[in-house]
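Next come two complexes, and both contain chain A; in the first it sits with chain B, in the second with chain C.
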Partner chain A sequence: MGTTCQTATLRNTTQWGCDDSLLHQELVERRGYTGDVGGGINLLGNMFNYHGPMLFLANLTYDPATSSDTILKSIDEVIEPLRTKPIDQKTLDRAMVKLRSGLYDTVGAQGGFGLVDLLASMALFDDNPSRVNSLVSEFQKVTPALLQKTASEYLRPANRTILLVQPQAAPVAAPEAPAQKQ
Partner chain B sequence: MDSKLLLGKRAKMARRRRTALGLLIGTALLGAGTCAQAAPAESSEFRVPVEYYKLPNGLRVVLSPNHTSPTICVGVYYRIGFRVEPRDRTGFAHLFEHMMFQGSHNLGKMEFVKLVQQNGGTLNGSTRFDFTNYFEILPANKLETALWAEADRMGGLAVTEENLKNQQGVVGNEVKVNVLNRPYGGFPWLDMPQYANSNWFNSHNFYGDLKDIDAATLTDVQSFFKTYYAPNNAALAITGDFEPAEAKKFVEKYFGTLKPSQLPPQPDLTEPRQEKEKRASKPDALAKRPALAIGYHMPDRNTPEYYAMGLRR
Partner chain C sequence: MMTRTPTRKFLLSAGALALAAAPALAQAQKETPPAGGPAKAFTVPAHETYALPNGLEVTLVPYGNIPKVSVDLTLRTGGVNEPAGLRGIADFTTDLLKEGTTTLSSQALAEATARMGSSLGAGADDDETILRLDVLSENGPDAVKLLADVLQHPLLPESELARLKSNAVRQITLAKSQPGTIAAERFSKLLYGDHPYGSVIPTEENINKISIDDVRKFYAANYGAARSHLYIAGKFDSAAVKRAIAESFTGWAKGPSIVENAPMPKAQRVLDVTDRPGAPQSTIYVGLPVPGTTSPDNIALTVTNSLLGGSFASRITANIREQKGYTYSPHSVVSRRYHDAYWAEVADVTTAVTGPSLKEIFGEIGRLQAEAPAAAELQGIQSYLSGIFVVQNSTRQALIGQLQFVDLQGLGEDYLKTYVQKINAVTPADVQRIAKQYLKPDEMAIVVVGDKAKITEQLAPFAPATPASK
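Then we have the complex of A and B:
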């Protein structure tokens, strides 16, 4: 997971699922409900290469013996404190390190395509590809207070959709009766 | 939705990919040399060279030279994603992406792919929410080849009824392989927008209903191309080992004569503020275990809250 997590913010991968992410810690390490938590911003790209509304997703598979309500209760136990208490500066600093690491990773990815993707997206959507050079400073403006305020509005239960996949085995067709011999 | 999954020869490249969808950005590390080279000596700030200009026909051009390795990457992004495809043609943006490999003025069916691969390069195309992109990575001495080829297909397609039918079949199979006949197919990337969003542009089936895909006509393809695949609806980005002055000459030579189109206004993509939690359930005859996804609407792009969400872990 190491490399994936370092690039979490910039790629379509597992921002929630990094080994040190809060949901991973709760659902994988502490509760053992699942082996992995996936998700992030824009599963078909990253947080920079879209223009309209977007979803911030987390997803997991779990054992049938565990109820979805149990999973959701644990998720709420992670999310709600984010809405009511500021995180400590050390945690924010660590997120910034990962952000910067991910940015370098993205720029060098796939023979330069990672950078092409950022530049072309920012040219198309912002008419300003130089924005790529101000990303870090924009993230550096984020404070614990802003994180809490943002979580309070955007991680509120009313702002979310919960989708459950229910295994539903197709009925097994009865074997055809052997043809009657004449 | 990614072309690497789609076309016969291009599908071979898909095996290199880590997941079925969406991982446009690979794991190869070029290292920090690029950025360190461009950054001021006293600063650890992230910085890459960016030169940006527009051709008179509206094409947005971004140059970012980096001489770390003797390769170049050329990307052409068209501002037409699956969000804004026609209402009775779900899946059309993606189907059209396939058509861009079916022939242009000087390149026959699949010859674009051959051209890149036989020059030691690799390529791909993808359909995303707000753009469709095409890119190739080649040895640095093939920059002109890449620009010529991309300009050739931006200048006009040479698709036929036969090619369209063929690709409708390919796309239909892709939907079956990646969604309909796969456990957790489309979960959550394709499913969640359909439940969480209320604006049709954000909530329709982006891969497309099979009947809509089959209903597309050659006239649809030609009209779509004429409207959206124009220089004033595109951005061309070049990174790697090239000299900007030479690249500009090639860009002007091959793209400068292309005509802009009359673009329709961008549709309203806004979503209302969600005031109540939504819950939905999807039966899956192939899944063995239950799965859960939870999706929150993001803050608007480029706001302080947007950056704050980007740091959420």
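Then we have the complex of A and C:
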């Protein structure tokens, strides 16, 4: 869970869903390449209910006039400083507030099922559902130095996969598919 | 709008669990589940509503135990107030509101909201514009003040216009590539013509035409205290929040009165096909205008819709999804705009069964018109609607959504208090009458987006007797 705390804090610092995040400020506000940077950790659930290796991703839609290299260069200009120097305390403090706010939303989601899901996850992974009560204090232990170490370890360019979905030059007929039934 | 429902992901997970348990259950004798208890009424939490001298309405709803508070400012302006040729300007204006105030840059504004645990949400639909901050409880008063600043002292900077237009045009391009959007656009156009309700997305030309003067004029003509309502729900210090409201909103100019722009929807059988060569599925809209929310038949119409196509247990879904396997996620809706509504069945069906899908949809409408539903079937739908109403309204934002809805429609809070009771008072004969009175197949518009080469022949039986002009 230590690593989960660090990467989750990193996620709140860098990207998506928050207008003050570093990727939003760079790609949306300064460069105007996109209107929104989406993504997160554990898109099949939330950043509190997993245990073990997990995908950390960002996604955005940009215009054909911009090259993918340009986008990646901008992303690198956000990520690389996180790996090489400690982030300022004010930025980290904001990330912590957003994280706490997000946790409360998760707890209250789906008419109470959010809390039930967290209790179940922590019972499963930690044999300790009451850990839900100490999540906030665990996150508060994250320091700028620890965040830098986490970014340096996990946000290595060699670790990342880049997927590009591009429009085709001309429409190609898709094969007829039967309706799926579940 | 903004009502929380279980996510598709959640439903799929629940389905997967049910599937995993199936072999064990199959071995046991199937038992009838115990009957549910009588439907419980929905109780609107105690709340306080008052108005400032400038006309701003305020509603405070202490609710729940999550240490967060939602601060929503609802303005009675939206697509209905857009000048001709400037479709999209209501929503575009909200994009510019996020670009800072006369004393806060856009970055400073973003950081200020982040320090409260939120981002500023802002958007406009056809009837309303909503600005929202959903913050940690201790930041409730500051959120009120920040929202007041954004509304009263927006920078509306010309420097950001080109970038925001690019964003809007990109979204439009993406939306127009989706058959669902194309079908919704065609359906709206057929029913509402040139009225703002007649379009679900603006055109690129509309967006590119918007100047900063247009935005400033729209803001001046449509923003003000007299057509606004501030809703605050969650856990918060009521006295401190009220002080913040008085300090920061009392000086807001009363502004212009509400400008109504009622549509005159058209009911006529039209078959409207948009070609999508190679499409593996056809996207279908079938529907017509129905009485709005203030009609005495509103609740009975809600129940009828849920039984016919609006719930997972509904007849059309059971038919074209469960029995025939034509489609994965068919559903019918009753729209809920200001004093206006349409009913529509919407489905993405396999291309080869486009015609048969329509035949079944009309078949189910006809069956309900010919024979009242069995009491047990209706009761199942009523239990579903009663239960889901209580569950769906168990968050601070959903409560705000319901209060916004009754205020917009002028229904009064009795609507919420008596909803469950009225749902359960609908009889099988009522449902049959509603189907006969309002869901007239001859007056339904049929919109299909699909591969014309493969569906034209299938659709021929559904063309109007006398082709309508387009």
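Convention: the second predicted complex is superposed on the first by the 151 of 182 C-alpha atoms of A that agree within 3 Å, B and C clash if a C-alpha of one lies under 4 Å from a C-alpha of the other, contacts with A are read in each partner's own complex, and residues count from 1 in each chain.
As a convention for this text, a contact is a pair of C-beta atoms (placed from the backbone, for glycine too) under 8 Å apart; a residue touches a chain by one contact, two chains touch by 3 or more.
Since this is a predicted model, take the numbers as computed values, not measurements.
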Partner chain(s) touched by A:S152 [first = chain B, second = chain C, both, neither]: neither
Which superposed partner A:V132 touches (first chain B, second chain C, both, neither): first
Partner chain(s) touched by A:T70 [first = chain B, second = chain C, both, neither]: neither
First, second, both or neither for A:Q89, with chain B first and chain C second: neither
First (chain B), second (chain C), both or neither touched by A:E29: second
Per-residue touch tally on chain A - higher for chain B or for chain C: B
Partner chain(s) touched by A:G108 [first = chain B, second = chain C, both, neither]: both
Touched partner set for A:L119, first chain B, second chain C, both or neither: first
Contact residues of chain A, present in both the chain B and the chain C interface: 18, 20, 44, 61-63, 98, 100, 104-105, 107-108, 110-113
Of all residues in chain C, those that touch chain A in their complex: 4, 6-7, 9-10, 12, 15, 64, 66-68, 98, 106-107, 109-111, 113-120, 134-136, 162-164, 166-168, 170-171, 174, 277-281, 321-322, 325-328, 349-353, 391-392, 394-395
Residue ranges of chain B touching chain A (in the complex, touch as defined): 1, 21-32, 34-35, 45-48, 50, 52, 60, 62, 64, 66, 71-77, 79, 83, 122, 128-131, 133, 135, 137, 184, 187-189, 191-193, 195-197, 199, 201-202, 234-240, 269-271, 273-285, 287-299, 301-302, 304-313
Touching residues (chain side chain A, partner chain C) in the complex: 17-20, 24-25, 28-29, 32, 34-36, 44, 61-63, 93-94, 97-98, 100-102, 104-105, 107-108, 110-113, 171-182
Interfacial residue positions of chain A with respect to chain B in the complex: 3, 7-13, 15-16, 18, 20-22, 39, 41-47, 49-64, 68, 71-72, 75, 82, 92, 95-96, 98-100, 103-117, 119-121, 123-130, 132-133, 135-139, 141-142, 146-147, 149-151, 153-155, 157-170
